[in-house]
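Given below, in the form of structure tokens, are the structures.
You will see chain A twice below: alongside chain B first, and alongside chain C after that.
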Partner chain A sequence: MIIELLMFAMLFVTFAMITAKRINAVINGFMWQSLLLFAAMLRLAVASGNTELYILAALVLAVKAVFIPYYLRKITAEMNVSQNMGLILNPFLSLLSGIALTYLCYRFAGYVFSAQAPADKLMLTISVSVIAFGLFLMVFRMKALSQIIGLLVMENGTFLLASWTSGGMPFIVELAVFFDLFVLVIIVGTFIYRINKLFTHIDVSKLTDLKG
Partner chain B sequence: MEILLILAIPLALSLAALAVKKTRTIEALNIAGYAAAFLLSVSLADKAADARVNLWDFFCVDGLSAYFIFIVALIDLACAIYSMSYLESDLADGHISPAKTGFYYFLFNIFSLSMFFVGAVNSLGLVWLAIEMTTLTSAFLVGFYNSKRSVEAAWKYIILCSVGITLALLGTVLLYYTASVHGGLRTLNWTDMAAAAPLMDPKILKIAFLFILVGYGTKAGLAPMHAWLPDAHSQAPTPVSALLSAVLLKTAIYAILRFAMIVNSTLGPAYTSNLLLFFGLLSLAVSAGFILVQKDIKRLLAYSSVEHIGIICVGLGIGGPAGLFGAFLHVFNHAVTKTLMFFGAGNIIKHYKTRNMHSMKGVLAAMPFTGAAVMLGAFALAGSVPFSVFISELYILLAAVTAGKYWAAGIFLLFVAIIFGALIHHFSKALFGRKPDGLPVKTEPLSVKLVLLALLGLMAFMGFSTPGLLARFINAAVAVMTGV
Partner chain C sequence: MKTVHILLQVLFAAAFAPLVSGVIRKIKNSVRMRTGAPVLQPYYNLFKLLGKEEVRSVHSSWILAAAPYVVFASTVAAVFFTPILCGGPVFGEAGDFLVIIFLFSLGRFFQALAGLDAAGAFGGMGSSREMFLSALVEPAVLVAALTVSLNAGTTDAAAISGGVLRSSACLGAAAMLLAAMAETSRIPVDNQETHLELTMVHEAMVLEYSGRALALIELAAHIKQLVFFSIIASLMLPCGAGAGLYGAGGYLAKLLVISLIIALTEISLAKMRLFRAVDFLGFALVLALAGAVMSAAGF
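And then the complex of A and B:
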């Protein structure tokens, strides 16, 4: 029951992220999403008593809920970029698209997991929705930062599904995913600095030198 | 033992690139290292052709992975030699500072290490990690010149491929779900998957493979997920463009094949084959359009990579021993020919100081050696007789006709013919004619000449016969795929 509540809270936070207009609000949304992911992992760890799950939960807390939001806030503060996310779709249309996406994911989960327990279906619906919302943020927002946040949201959705599937993937693979995430965020961060320095903005819809 | 050494060499070289100050020493070490890695990869592939080479269950190499490791090692060696003169002239032109050459070799080696890693590891989760690492390390190489365009290209590259890789992770998670719930597995090792495959849920596997194909297909440059590819290939330093095009794309194909084999043992080959065939033909069609109107020589070659990845996927999709043999042979032939063409294009761009093929005239007169190599290479790349690419394309075409897939053979022929015309048209305009007045006649350094000659030799010789050892490697890879 606790897990289900956490999942719905996560979906709710993700809805808030796709309707937010300011970069800081989206970063906060990501932090809350990661905290909920941490709580869910902790619940799974307590239920199974598996040490590896405790370690992974601690990593979620340290990397996703603390380090990444801190790093992203640092970038926004240092580059002095405007808080505007650069919405291509306004909040109301984003909300409608979000509802439609969730429904599609629900149908998708019903199809793929037709033989599985309802709890599994719910989990698949919510994780695929979170992944779809991440993609949505990447496509319908113009700032470079929103692309990386969208990517992180996609990764959170995938991670949620991975930890649900019978107590997590092989430990080394889960560690590999964390390692990747950490390196990815650092590297993308350096590229955002470079873009800001060379172009004096981080509006990716204006990066159109290369065509055809 | 070979596996460890092949991985240790690029690792040691990357550290050396940071520690050693003299560029000359780094270059010499690099060439010696990759020559050794190449010999080791031959020995590894030879062993793996008979039986799997296993190390602590962590690394496992069979005929399929050994073949890809072998090609990576070969192209790495060529690129290590070519990098030498390329960076020298970059230094002379003031494009980069001396300190940056060390950084270049560091990235070059880490990038190669991650590509070797893709083929060497057993766990599909670590294959995933290694493929993502190839993106992250080569992103710095794409953005190496730190110009507006190269940073834009690197940004698109990293974002698009990371989205792809996240989808591939979702596919991997779904595979693990059915492998653990239905198959009772607690690992992602591909060596264990085959046994559990018949127990897995077909519906979940189908969806998982779709995510894998779209996800890794982004990295492989399959249309319509190829948007990053022309930008990254054209903005990277030329030796890196060659690596990206000749081998990086194929490591992603390798990952797709590993999954396809698991899915095939549950569902039969039809499902994955049809998808590969579809994306292959689509890539051919899309690239043909862009090749027709392309002016930038490196972008032209990049779109030609989309075409050849398409051809490889058509071969894999048609399947059967003949189709698979053709596809794997094409992996080799394209790697050799495209490397030659990128090196040639790099020489031309340096001399003419432009990428626009409309402003290149009389390359044959201005650079006789490079011009001749590029002319032969262009014919080979387009698929004309008597070069190697023609042979592998013929295998694939014959396999399609034998399998009764006449419509696929027809579409294949149509687009290959269009691209043939377009490539010959673009290159003949640049190669022939009078060279611009005031442009000196250029002679290339010996190392560049030797690399080009070796690649030309392979390209021409393999138009007549496939060397016995290579045929052995390819047959081993085919045997892994067909399960014989």
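And then the complex of A and C:
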């Protein structure tokens, strides 16, 4: 029951991220999603009693729910760009595509799990749709920041999928993934900051022309 | 015996409803570090209005005079079908969950007519906005109702409120909460705290009213809010059959939590542009749809 509610809350937050028009709203959505991921990890850790899972949960909280949102907010404030995400699809169409994506993921989960395992099926549906929503954010938003956020959302989905279906990857792999993510956010953040300096905007749809 | 119970429940709802509004205002003022009006202020307002003379435009027709009574009567009729103190008795024989939504539409129809009737510039604008919003709210409410109806296997309010809580109902409850914010003219969609602003919706329609008629309309708005909260507290999130006193306590606790959520949303958000409300209520509809699908999938 608890894990079902957490999954539904995750779906709620991810839908909200898809409708959001402002950069800060999407960053907040990512923070809430990470907090829910933390709660799900904690639930898993309590259920299995594995110390490594507690450490992973703490890492999720520290890196994804505190550090990354803080850093993203900081660079958006420093870049002083407009809050508009630059939507290619309007919020309502985005929501409808979100529904379609979730339904596809549900059908996909139906092929993997039989009807006897409804909890696994729900988990698979929601984590795969979180991955799909991350991709959606990367493709259908114009500002370069949404590319990082989309990638982070996809990573959240993969993390959820990995930790629930297989009880977690090997500990050292998880640590490496966290380190990777940490470095990636800093590098891409700096990169976007540079793009903004050079082009005075971070609109990826206008980056196709050469600038001498 | 059951009839007496239902009548007592309706009287309780009518007497209790303004208090909920008062509590929400009090929470908002406390968070803003203001003293604010006392919790009982909505009652004082109602009594003050009842003692005042009613003024009606000479150019208005009978619709303006009749609308407050229709609005009030339809709202009170809706209370007859809503289980108030979790599992409280309802007129199950006369109608089900969907009748509540129908009765609200009846009230809204007359209110919109009354807004047009006096031919004020604000009234017509308010009516047109109200109908625009209601076209968006109703699908969300109906699909959210479908979620719990699927869970319980019936649309009968008493049976739903006596059912077990399933996790898909929580998605429906979230959708219903967003719809309730729009229906009770709360901040992301409308603003209760202001008159004479170009963005208002509900207040624009009732601008022509004064005295006793205004008191009736305000009381109806308080009751409508309580009914919506009760739909969330005892239908969307049922607390099980025969809960008795324990259920009543749970109901009051849920009401407090809902008031807290509404109050905190109101002070932390700005009012949306009218056409952004489409996205807000579309989100509610999508949540309700997700809830209905999950309910059909057995969660």
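The definition used in the following text is that the second predicted complex is superposed on the first by the 205 of 212 C-alpha atoms of A that agree within 3 Å, B and C clash if a C-alpha of one lies under 4 Å from a C-alpha of the other, contacts with A are read in each partner's own complex, and residues count from 1 in each chain.
Note that contacts are C-beta pairs under 8 Å (C-beta built on N, C-alpha and C of every residue); 3 or more make two chains touch, one makes a residue touch a chain.
What you are looking at is a predicted structure, and each value in this text was computed from that prediction instead of being measured.
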Where does A:Leu89 make contact in the superposed view: on chain B (first), on chain C (second), on both, or on neither? neither
Would you check which partner chain A:Ala162 touches, where first means chain B only, second means chain C only, and both and neither mean what they say? first
First (chain B), second (chain C), both or neither touched by A:Leu104: neither
Tell me which of chain B and chain C touches more residues of chain A. B
According to the stated criteria, A:Met154 is in contact with first (chain B), second (chain C), both, or neither; which is it? first
Which partner does A:Ala25 reach: the first (chain B), the second (chain C), both, or neither? neither
Touched partner set for A:Pro170, first chain B, second chain C, both or neither: first
List the residues on chain A that touch chain B in their complex, please. 111-115, 131, 134-135, 138, 144, 147-148, 151, 154-155, 158, 161-162, 165-166, 169-170, 172-173, 176-177, 179-180, 183-184, 187-188, 191, 194-195, 198-199, 204, 207, 209-210, 212
Which bits of chain C are touching chain A when the two form their complex? 167-168, 170-171, 174, 278-279, 282-283, 286-287, 289-290, 293-294, 297-299
Give every residue of chain A touching chain C within the complex, in rising order. 1, 4-5, 8, 11-12, 15-16, 19, 91-92, 95-96, 98-99, 102-103, 106, 118, 121-122
In their shared complex, at which residues does chain B touch chain A? 123, 125-126, 128-129, 132-133, 136, 139-140, 143, 146-149, 151-156, 158-159, 162-163, 166, 169-170, 173-174, 176-177, 180-181, 186-188, 201, 203-204, 207, 230-231, 234-235, 290, 293-294, 299
